[in-house]
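Below you'll find the structures, each written out as structure tokens.
In what follows, subunit A forms one complex with subunit B and a second complex with subunit C.
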Partner chain A sequence: MYPAPFAYERPTSLGEAITALAADDARVLAGGHSLLTAVKSRATTPGTLVDVSELPSLAGVDRDDDGLWIGAASTYAALLADERVATVVPMLADALASIGDPQIRNRGTVGGNLVQADLGADLPPVALVADAVLTIHDEAGEHQREISDLYGEEVGADHEPAAGLGTSALLTGVEFPASDATGSAYVRRTHPATGYATVGVAARLWLDGDMIEELRLGATGLCRRPIRLTAVESAVRGQSIEDAASLATAHAPADVTSVDVHDDPNVSGSFRRTILGTVTAAAIDRASGVDE
Partner chain B sequence: MSSAAALERRDVDNEHVGRRVERREDDAYLRASATYTDDIRHDGTVQLAFVRSSHAHATVDEIDVGPALAIDGVVAAYTWADIADSPSPGVLPIRTGSLERNVPGHPVLAIDRVRYHGQPVAAVVATGPYIAADAVDAVSVTYTPKTPVLDPVTAPDEDAPNVHDGVPDNVIARTGRGDPTATDRAFDCADHVTSITLENNRLIPNALEPRVAQARYDTVRDRFTVELASQSVHGHRRKLAETLGVPSRKLRVIAPSVGGGFGHKGHHHPGEAMAAWAARDLGRPVKWTATRRENYLEGAHGRDHHTEAAIALAADGRIRGLRVDTIANVGAYGLGGSAAMSGWYGSLLSSEYAIPAIHCATRGVFTNTCPIHSYRGAGRPEAIYVTERLVDAAAHELGFDPVTIRRHNLIPSDAFPYETAIGTTYDSGNYEPALDRALDGIEYDRLREAGRNRADGRLRGVGVACYTESTGGGHESAVVRLEPDGHVDVAVGTHSHGQGHETTYAQLVADVMERPLANVSVNEGDTTATPTGTGTFGSRSAVVGGNAVVSCAETVLDDARSLAADILGVDAVTLSYREGHFAADDESISLADLAARSYAWNAPDGVEPGFRTATSYAPDGTAYTFGTHAVEVAIEPDTGALDIVRYVAVDDCGRRINPTLVEGQVHGGVAQGLGQARSERTVYDESGRLATDRMLAYALPRSIDVPRIETEHTVTPAPGNELGVKGIGEAGTIAAPPALVNAVVDALADRGVRHVDMPVTDECIHQTIQSSD
Partner chain C sequence: MAEHEVELTVDGEAASVAVEPRTLLVHAIRDQLGVTAPKIGCETGKCGACTVTLDGTLVKSCMLLAVQAEGGTVRTAAGMADGDELHPIQQAFRATHGLQCGYCTPGMLLAAERLLADQPNPSRAEIRSALKGNICRCTGYQHIVDAIERAAADAGGAP
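After this line comes the complex of A and B, so read on.
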């Protein structure tokens, strides 16, 4: 549990941070809950850790007609304490509340969670379902990226950040666009060892009476990137909410046929496939009862 | 006045014993002001770290420590060749008395061959832990891999490779207990036989504080001082002396605050031995601190039993006999008595039942895995699990309610002392009231009436497990004396690493001497404080240590009384004693006065300063704790998701010195027992590397996984010790696994399920449901 030598920078401006990130094998250090354990066990050996805790305006929440903007360094606990989060994006509040214990919620950050995208991380499927927009700073300045850009076919090697971010880049904020959906929710089963989601599903739906007009589903825990459950989405679209559970259970396997589902000593890939339908059904059910 | 009578009297108006006295030690722990071994700073200390085998089984062809020595700050690097050149044997002692063959113990560094993933191969010493870790990475070791033996069940097969050359079938211990002929006869005459094949899963101890040691060597006095996380400083001194090849008197061993033991801090491991060896070699203080991962790799691990068992019954449900055949995994090396441990595991196979014939055959087998040693319960959970699972399985097969069959076979309360067919003598017991209380607590009849299908679509199960626990073995050393100001100083050979001895021993002494708790201090964990000592394990401290301190305190008071009588010129028996004062007629003298006089240059002949009294106490036989745990579960059939709805624990540990601490032990034990039953799985991959080598991979129970534990008790005093106490440290780890598994199997009984192996994860339950449909 003793890291290999590394350089440590704590920039106080975005410019300094981008410069620092240009160093060889530089990594952003935010809450550190994924990165530091990997560094301590020497599973990863960064050249430089760029600590973003002193950067101004990287934390905080802003709400306007376009949606909800969240600073990348906002902690889970800070967001859970902000009632605008649960009001605008209920599934995000669900996901935040399911993460870890108080210590983790007090340290872990939204940006770290999305960029690290650990197996079973709770926020990536929520961001995917919400079509979140990322604000990224790099040497070329500030620009916006779709959340789907972050998670390509492969997220990155173990303990590495999502490849889609690019090098020397810093995620500074995430926008959850305003939605006219009826409701949203996130439901997970907890992994007995890691405490991450064994399988977690974010659901956002649009209801017309009892009929599901539109539905977006994102799942975590299956592989090292969040995936959309498009087979379930098309099966449930246009159907009654009463039938959603059985349709979800029936069609969820189709969404993971071509996915190399993660196996570990505690939970097999086959069991993850098995419970995906049940967790999806539970997420749809909960979303139908939670107003956006 | 005898102890028993004295305590009888104090039963009426005990100030402290039997009360919920708050733990005195917690302030330091909760404010992080306690000093653990790693917190201690000695000038000039260097850090030792191990290079560990990346293979389960291999020959070590070459070790190149050169690149490590080239790193700035690296002080030394050692291999077995250095140990071999030294006056120390460098091999941890192994008790070979009851073993099939003489086999070598665990070498502190590998001798040409590694036998498990994580075995220490070389050691580096550096000015600090970070450089030491760099140096470990810099050492290169060339191995030639050999085929590992990983499955203990097939390890004795002819075609299995050998872990040790002198043990061709990998079987190192072979034991038979009980009467095989009588057992055969019982099975021949039985109306019904129920068989079971089960595994008691391998567990990895996870104390909050990993193992750690600091060693200094005094070149002038040729003497070692070793501070370490230990449950038994005297035990560690004895074993360290053997590994180092020096007499025990050359070693002082100190255990400061210790963050949990659970057995694995009672064993001797290479770390403390290498630290002491290197301290002498380098002439400077050496510290070794295991990382969490090293604690996983080098355990020692616990359990790992593989059993075929059968129970024979008459048609009316009366148990006629029990036959057990167990393969116990020893791991790659015997540590102390670990290889022989399987030999005595069967002692509790009778559980709470009158079983006329029992036979238990065990084989301890070597495999290329981390050594196995005692882990909270140490043989008792393994034995009770076999019997309690079999009784449930037999009840289902015969169509009896599992409680009916238990009640039918309980050893009656007037049968004690009761010798079981396996040869153990239960000192006392009154089982039915505890069983009844557990059933009332869980509302057994209501649950049975409600059936297995809940209104919410989940399956309901209720499980019951009875148990016995042997507690309080061996002897214990204590020294009690008064300071010149009358303060009571208590030293004991046990060691508290969570148990709360600073509170419980003080409660006992405060009541004997009628002094406030604040006037009693308790010291443990230093080989210079008591002449000998055994330590804290096996639920023994209250029984053996508790009686030892009481016996000493009473002698101190008697000696003070004699001096008071001398001074006051009266007969000692006419003196009254109350709250620190002896009185006769109008005259009185305080304990503090007497203490001061005992230290004076003109103290009367025969008066020890402070009335210092030392004892080595041994109880008259083992004290048998018992009880019944009951659990209600609900299972979601589609996913196997299991919810522990309620958990009721009824334990009888005789007289309870501090009910809060007793309940704490039950809570902790049940949490650990449920961890074994529900989630803890140790996995070696096909090449023999430990896959569950960190908390992210090894599923310890978390607070949210542990249900509220409802505790109740009955009191059946132990006849074999004056206090009437029995140990309670391991009860939860014994009772919880069979109670939980019985509940799960009960929930699935309508689907024809007869057994599930631990850990009973959601996935395991789901698979069981799938394959039963």
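After this line comes the complex of A and C, so read on.
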């Protein structure tokens, strides 16, 4: 496969990167594991790839009382090797471990996963449930955005980055705020052909004994943006953890009645709708056993 | 598009290649440097036939641009043997019939080497997990897993 020609730039500072991204047809290259596949098939034909993978401002992990900050160019493997990730945000560690295979986890990045938001990407629902805060740099400087801004009603066309970001903006880091939840988890059913999630659900749970005080759920794989499962959340709130599985399977269909669920030759939309409840129940069950 | 001069070391040999930005690392290694151990399979990042290590990290060389490997050290399966003396993992693959057509083998060998460096005594489940990014369409994996178990045992791991 020979991609259409493009220029390549490797800026050495954030300022240089922002300048390079101001070009109309420039795209950010980090791990490249979503972008290069689309570039090779010519599904997308950028004029310039701006390689930010080694910019220091996008690297590293920092933990303080407010939460966990993750540099956007951190690879999945680097985060899985950092025990602070599983300690502070267990559902994030679950999601990272479920991505692809060792080679993909060695190159793919958190920023790319969130911004590209491929169908069935594992990190967007986790970030949504965690109310992650994005640090974004553009020509106007640095600003913070809520993760829900990134995934508005639509994420954008296939192979294009999330529409909420702006074309010349660069995601530099993601903050996962500290939580007082009892536990969290992410569970997915893997798509047999793509290796992404057919359906994946992130759950964060607040328990008082056996009673569910609060529950936040995010799902991926249904359409090209993560969605909150608010019908299940409200059905389960105040109920016993023992009843969570049956309530999740009963109420999950209500969360996708108005969603145009993705259909493909391997997995039909109705199958995705059917398994949403059981994957949700599994995520709640796992979250109840994983301390946050 | 302007070509970029990329300096890298492949299997211990320093090399310099002039590449277009769109040149994939696997093409630079095979077509320009003549090291044909990494194979071109799916070119979509699924099959792992093009697996190499870049600065010690296991990667699929069709999923990187050659320009991204600037200054890097690449190891391919061609660098594993010491002259005519096969690497112990290669010997184990040979002894257990861990290959049939051989197309996936260069990637399997490097994935196995990486696994055994991190985990000298892996379970069969751990071996299969480490091979998730490498597809074999001949063997059904049984003999590949046998080979890696044997290589671990030969290197002093149990059993």
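Heads up, the rule we're going with is that the second predicted complex is superposed on the first by the 292 of 292 C-alpha atoms of A that agree within 3 Å, B and C clash if a C-alpha of one lies under 4 Å from a C-alpha of the other, contacts with A are read in each partner's own complex, and residues count from 1 in each chain.
Basically, a contact is a pair of C-beta atoms (placed from the backbone, for glycine too) under 8 Å apart; a residue touches a chain by one contact, two chains touch by 3 or more.
These numbers were taken from a predicted model, which means no experiment stands behind them.
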Which superposed partner A:L207 touches (first subunit B, second subunit C, both, neither): neither
Contacts of A:L36 with subunit B and subunit C, given as first, second, both or neither: second
A:V61 touches, of subunit B and subunit C: first, second, both or neither? neither
Touched partner set for A:P102, first subunit B, second subunit C, both or neither: second
Partner chain in contact with A:D51 - subunit B first, subunit C second, else both or neither: second
First, second, both or neither for A:A4, with subunit B first and subunit C second: both
Subunit B versus subunit C as contact partner of A:A250, first or second or both or neither: neither
Residue contacts with subunit A in the superposition, subunit B compared against subunit C: C
Partner chain(s) touched by A:V259 [first = subunit B, second = subunit C, both, neither]: neither
Partner chain(s) touched by A:S268 [first = subunit B, second = subunit C, both, neither]: first
Residues on subunit A lying within both footprints (that of subunit B and that of subunit C): 1-5, 37, 41, 195
Touch list for subunit A against partner subunit C, complex: 1-8, 10, 29, 32-33, 36-37, 39-41, 49, 51, 53, 77, 100-104, 106-107, 195
Of subunit C, residues touching subunit A in the complex: 1-2, 4, 20-22, 24, 43-46, 48, 51, 57-60, 63-65, 67-68, 70, 111, 114, 130, 132-134
Residues of subunit A defined as touching subunit B within the complex: 1-5, 37, 41-42, 189, 192-195, 249, 264-268, 271, 274-275, 278
Contact footprint of subunit A on subunit B as seen in their complex: 129-130, 132-134, 137, 291-293, 636, 638-639, 641, 678-679, 681, 683, 691-692, 694-700, 702, 705, 761-763, 766
